[in-house]
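Below are two complexes that have subunit A in common, paired first with subunit B and then with subunit C.
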Partner chain A sequence: VTVTGALLTALLTCALLLLAFATLIVVKRLLSRRAERRALALTAPLRPALFSLLGADLLDDEATEALEVLAAVDAASWRALEPTVVSLLTKVRGDAAEALTGLLARRGTLARALEDCTRRDPVRRCRGAELLGATRARDGVPTLVRLLADRDPEVRAVAVRALGAVGDPAAAPHLLGALAGDRTVPPRLVAVALVRLCPGPEEVLVSALSDSSELVRGMAAEVLGLAGAVTARTGLVEAVSDPAVEVRVRAARALGRLGVPSALPVLLDALAPEQPTALRVAAAAALGQLGSPSAVPTLRAALDDPATEVARAAASALPALAAPGIAALREAAVPLPALRPPRRGLLRALDADSGGAEHAREVLALLDLRAGRFPDDAGVQEAA
Partner chain B sequence: VPNLLIAEDDPDIRELLSFRLAAAGHAVTAVEDGPSALDAAAEVAPDLVLLDVMMPGLSGIDVCRALRARPGTSDLPVILLTARSQEADVQAGFRAGADDYMTKPFSPRELVSRIEALLARRDR
Partner chain C sequence: MTLERLADGLATWLDVSGAAVLTYFILVNTSYLLLLVLATVEFVRHARRHDFAGYDDALASPLTLPVSVLLPAHDEEAGIVESVQAMLGLRYAELEVVVIDDGSTDGTFAALQAAFDLVEVPRVIATDVPTRGRVLSVHVPARSADALVVVRKENGGKADALNTGVNVARYPLVCTVDADSLLDPDALLRVAKPFADDPDRVVATGGVIRAVNGSTVRAGRVVDLRMPRQRLAAVQVVEYLRAFLLGRSGWSRLGALLVISGAFGLFRRDVVVEVGGLDSDVIGEDAELVLRIHRHLREQRRDYRIVFVAEPVSWTEVPATRAVLARQRRRWHRGLTEILWKHRALLLNPRYGRIGLVAVPYFLVFELLAPVVELIGVVVLAASLLLEAVSRLAGEHVVLVSPRYAVLFLGLAYAYAFVLSLAALVVEEFSWHRYSRWRDLGSALIGALLENVGYRQATAWWRLQGILDVVRRTTPTWGTMTRSGFQAADPVAVPARVPAALPAEPDATAGGEPLRRA
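Let's look at the complex of A and B:
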């Protein structure tokens, strides 16, 4: 009896707990729906004013009137409308974004965001930083720069993104500095943020090519290439001889992206067999991007390189050098006399006999495919 | 009155565009996904279509391609509005037959000007 009673009590307790849990969920949903309905009711009359503000000339009477209406709404209505204003801020630009930022400033949202950035709770600091980024308000830059050294890594990451969104070039040295700090930030986010700040900080980035930190030098080279900073070519050419391989690779990549003709000798040197493989691969790709036919003999020789990555990069680069590049690939792919006529076509690329020939045939086959030239059926069946 | 069709899944943007275009003197039909855009294009015979690229059901690119393939809508001016700003994305938009391509964040005033320019060109 005691065991049965205990079991029944346990079952009853479980059932009650489940019931309480289900009730809690239902009540929460009902409350949330009620809050949504209330917010909709509060914001519906204000939306025409909000949309008037977003499409009008900032100096128009329509915009001024709309701004006054929105700036004067009661606290409850503003609480309901504020998320829409912040959300729209990330979706519009120009006068519309400026108008929304002005509205948020008048309603004290920006001041609250700055305040949030000083809170103990990292979630509040993240929210504050995100809002400062969304408003693109330069007043927030010092606060965001301070958050780059926040104890919470998530806050630091949000601060990096926000600085990129604000777009103030003055933030560039701080973003670079954060890379080498004790409290690190994700390099990929820093790269994206720095590109968004360009072309303003190009000078800072060029100086950073001689920074004591390898990470900073590499980032500077990468961003200069991504941002299309052709004025940085001299610094980047020098950076191909940096003591750190990673920096040299990034500088070579940047020179390729920029298509700097004067980088040809340094990139040819970087492809030499005694250089690190990663640099040689980057140099081969960059030589293709430069598009100078004078790189053809070096790239042609690299097709037979024992390092497969280098040979593949050279083969991929050659088509960009127009007719001489294609001719070099055809010449390398030659051992055709050994092949019988039915074995022509795409699958011929699979009959590898030498590394260089194989890579050349692979690239030529890809070019054929892209141009819509497909191997003949007889060749495919024979090879199959 | 020019009749415009907007297909945009973001309710705030959809409402903003409807409001601004109506204020500029256009009749506006707004829908929230790709399949509805195709249905609406057949029903309301719009003078211009504004398509968000990333939409549920069918993407703006797919809708644009389908409009170009239909006899009644093959010449319809189409503007794509999207957060995808990479060169390849823009190319894909034009390859699908779009007349213009605008990236988000966007300027509502600029968008209205582009719409009016396309309509004026069509009228000429």
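Let's look at the complex of A and C:
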């Protein structure tokens, strides 16, 4: 009897839970629908004012009036409107952005964001930092810099992105500093943020090329390249001889992006067979970007390299070296003797070590396509 | 007298079996309750962080890791063009789509050629992972040669097609998708985020797959999500919610995610190459790859993470008929059996940490053996009811003893499971809230009920057949299959039986999810 009783009780509990869950879903749905309707009712009358603010090239009378309207709405309406204003902020520039930031400052949103950055809850700190970034207000920079050393990794990452969004070059040394130590941040985020700070922090970045940390040196090289900092060329040329491979790779890549002619000798050296593969790949690509025909012999030799990545990079680089580069590719791509099936001249899957001809043909075919010269695809049709 | 004694014995046996089945069900469902709690914690975390996830920054960043989307296709003439267009339209910083036409015999290639103006080009293909089917030709669009590559190869099965795709891929991340996967425009940004957040450790991420039957799909995108009208599909919507969404989120939170669906998974290419690519000899090649990555990285004592992304951004059509569903489940369970057998060395092996001590034993006891226990439950229930009825009918003439508890035991077991199905619906309502209509709610509730009454018993039968397929046919070849560990394509490891993973299987279109819960 007791077993039966216990079982029946358990069954009853299940039934009650089922009922409770079903009710929960229904109530939740009803409540969120009501909340949506309310928010819509509160914000709908304010939308015209918001749009006239957005359309303003300069703050004309209409826009100023709209700003006043929005600044004066009651607390409940503002709560409903605020997320829209914040999300618009990330999509506009110039006067409209300034007008929106001004509005957020007047409504106390900025002050609240700064306050949020000091909360215990990491999510609040993240939100505060994100908002400071979205407003692009320089007043927030010290707070954001402080958050770079936050104990929560997510807060640190948001602070990095926010500093990039604000774009104050003064933050550069702090961003580089965040790469080292116990409380680190994803390097790619830092790189992107630093690029957004440029122009401005180039000097800091150039001196970072001789930092003691390999990560910082590599990052500085990468960012200088991405930011188009031609003034950094001397430092970057030197960095190709850095003791750390990763730094050398990034410096070579940066020199290619910047198209620094004086980098030719170091890049040719970097392509030499005794160098690490990653560096040789970067060097080959960079030589292509430099566009100097004097690199043709070295790249032509690299076409037959046993390392597929190097051969492919060399082949892809050659067309950029104008006529001599293309001539070298054509020479390398001489048709093979009878071991091809006669019906088709195109190559199939090949072994990695089968030489430069295949790489050359691949690149030439793509070159033809880009130039609008399509291969005779009769053979393909036939096969299909 | 003898009859009475026999009936008495039978009744006791039924009670004991019922209690055993109930215990098993309580354990299974309580484990699911724990996973559900973990998943809920994860969802709340995720939802609170949506505002500062930084997707737009990742989209604009020149340093976001580029992705090669690998799309294996075998006789996909009908949907392939739309699917490729949808993949090309994904919002992402830099991506290429690699279509691998795995020996299609229909107009798959012709459709692609016409739609994208393909021309044949020479191409050097790396041999980083071993492949079987020879590459026949490589094609690119005449006017935008960088975004799309179509590789035609001899038929070799889905795993082989993916291996070819890995070799062709130029980018550091490879994303596996099925030809019938439907991805939301932001899907790749979402699933790639863990790689950006934790670049040193994350080696693979998986997206959740949800059932899309009954919804409106336009140009390869889900534009209006609804619950399917059709009952069998509605049941699967609930099942996918509970098993895949909550189950995998929970395992991911525990750091022991064993399954990433091939229908939407993102991997570091170098790691896939390192473990030797996908295994062409198992059916659930996607799950096998994940388990092998775990195994390899644990053996190397590397610090790594495999993460599940629960945000619903990828969809697939689930089987709408019993026949197709039966084949699918039989296949999945066969895959699970093969994989667990192949990697049995991990079982309870402390060297593999929580993978060996928790996840693999769990899958063995609560996934692999579940259909067996499920069917015992059905037999016990039927026998108890029968005995009860007979003893009533016989009345005064012969006093038969009927089992006292078996029916209650099993009733409770199913009630608990039903509670969990509904809890999954609650979590969905509070987290993603993708079904907004009242009608959808009704269908979901009915789906949750039917999942536990009828549906799971039917799938148990099909799953059991999957286990039997393995036991009957392939036991002798296993020794050689597992001999080399990670050399998936070691020629010695090739058994005589090569399952035609992609061709010949009518349910291959819905075969993206090789493992499922009990």
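Here is the rule we go by: the second predicted complex is superposed on the first by the 338 of 384 C-alpha atoms of A that agree within 3 Å, B and C clash if a C-alpha of one lies under 4 Å from a C-alpha of the other, contacts with A are read in each partner's own complex, and residues count from 1 in each chain.
Assume contacts are C-beta pairs under 8 Å (C-beta built on N, C-alpha and C of every residue); 3 or more make two chains touch, one makes a residue touch a chain.
Bear in mind that the values here come from a model prediction, so they are computed numbers and not experimental data.
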Touching partner for A:312 - first (subunit B), second (subunit C), both, neither: second
Which of subunit B and subunit C A:191 touches, first, second, both or neither: second
First (subunit B), second (subunit C), both or neither touched by A:3: second
Touching partner for A:365 - first (subunit B), second (subunit C), both, neither: second
Touching partner for A:129 - first (subunit B), second (subunit C), both, neither: second
Subunit B versus subunit C as contact partner of A:51, first or second or both or neither: first
Which superposed partner A:26 touches (first subunit B, second subunit C, both, neither): second
First (subunit B), second (subunit C), both or neither touched by A:14: second
Touched partner set for A:67, first subunit B, second subunit C, both or neither: neither
Touching both subunit B and subunit C, residues of subunit A: 90
Touching residues (chain side subunit C, partner subunit A) in the complex: 48-49, 51-52, 54, 56-57, 61-64, 109-110, 113, 119-127, 134-140, 142-143, 145, 196-199, 404-405, 408-409, 411-412, 415-416, 418-419, 422-423, 425-426, 429-430, 433, 438, 441, 445
Subunit A residues within the subunit B interface of the complex: 47-48, 51-52, 54-57, 84, 87-88, 90-97
Touch list for subunit B against partner subunit A, complex: 10, 12-13, 15-16, 19-20, 23, 104-110, 112
Contacting residues of subunit A [partner subunit C, same complex]: 3-4, 7-8, 10-11, 14-15, 17-18, 21-22, 24-26, 28-29, 32, 90, 123, 126-127, 129-130, 154, 157-158, 161, 164, 186-189, 191-192, 195, 222, 226, 308, 311-312, 346-352, 358-359, 361-362, 365-366, 369-370, 374-375, 377, 379-380, 383-384
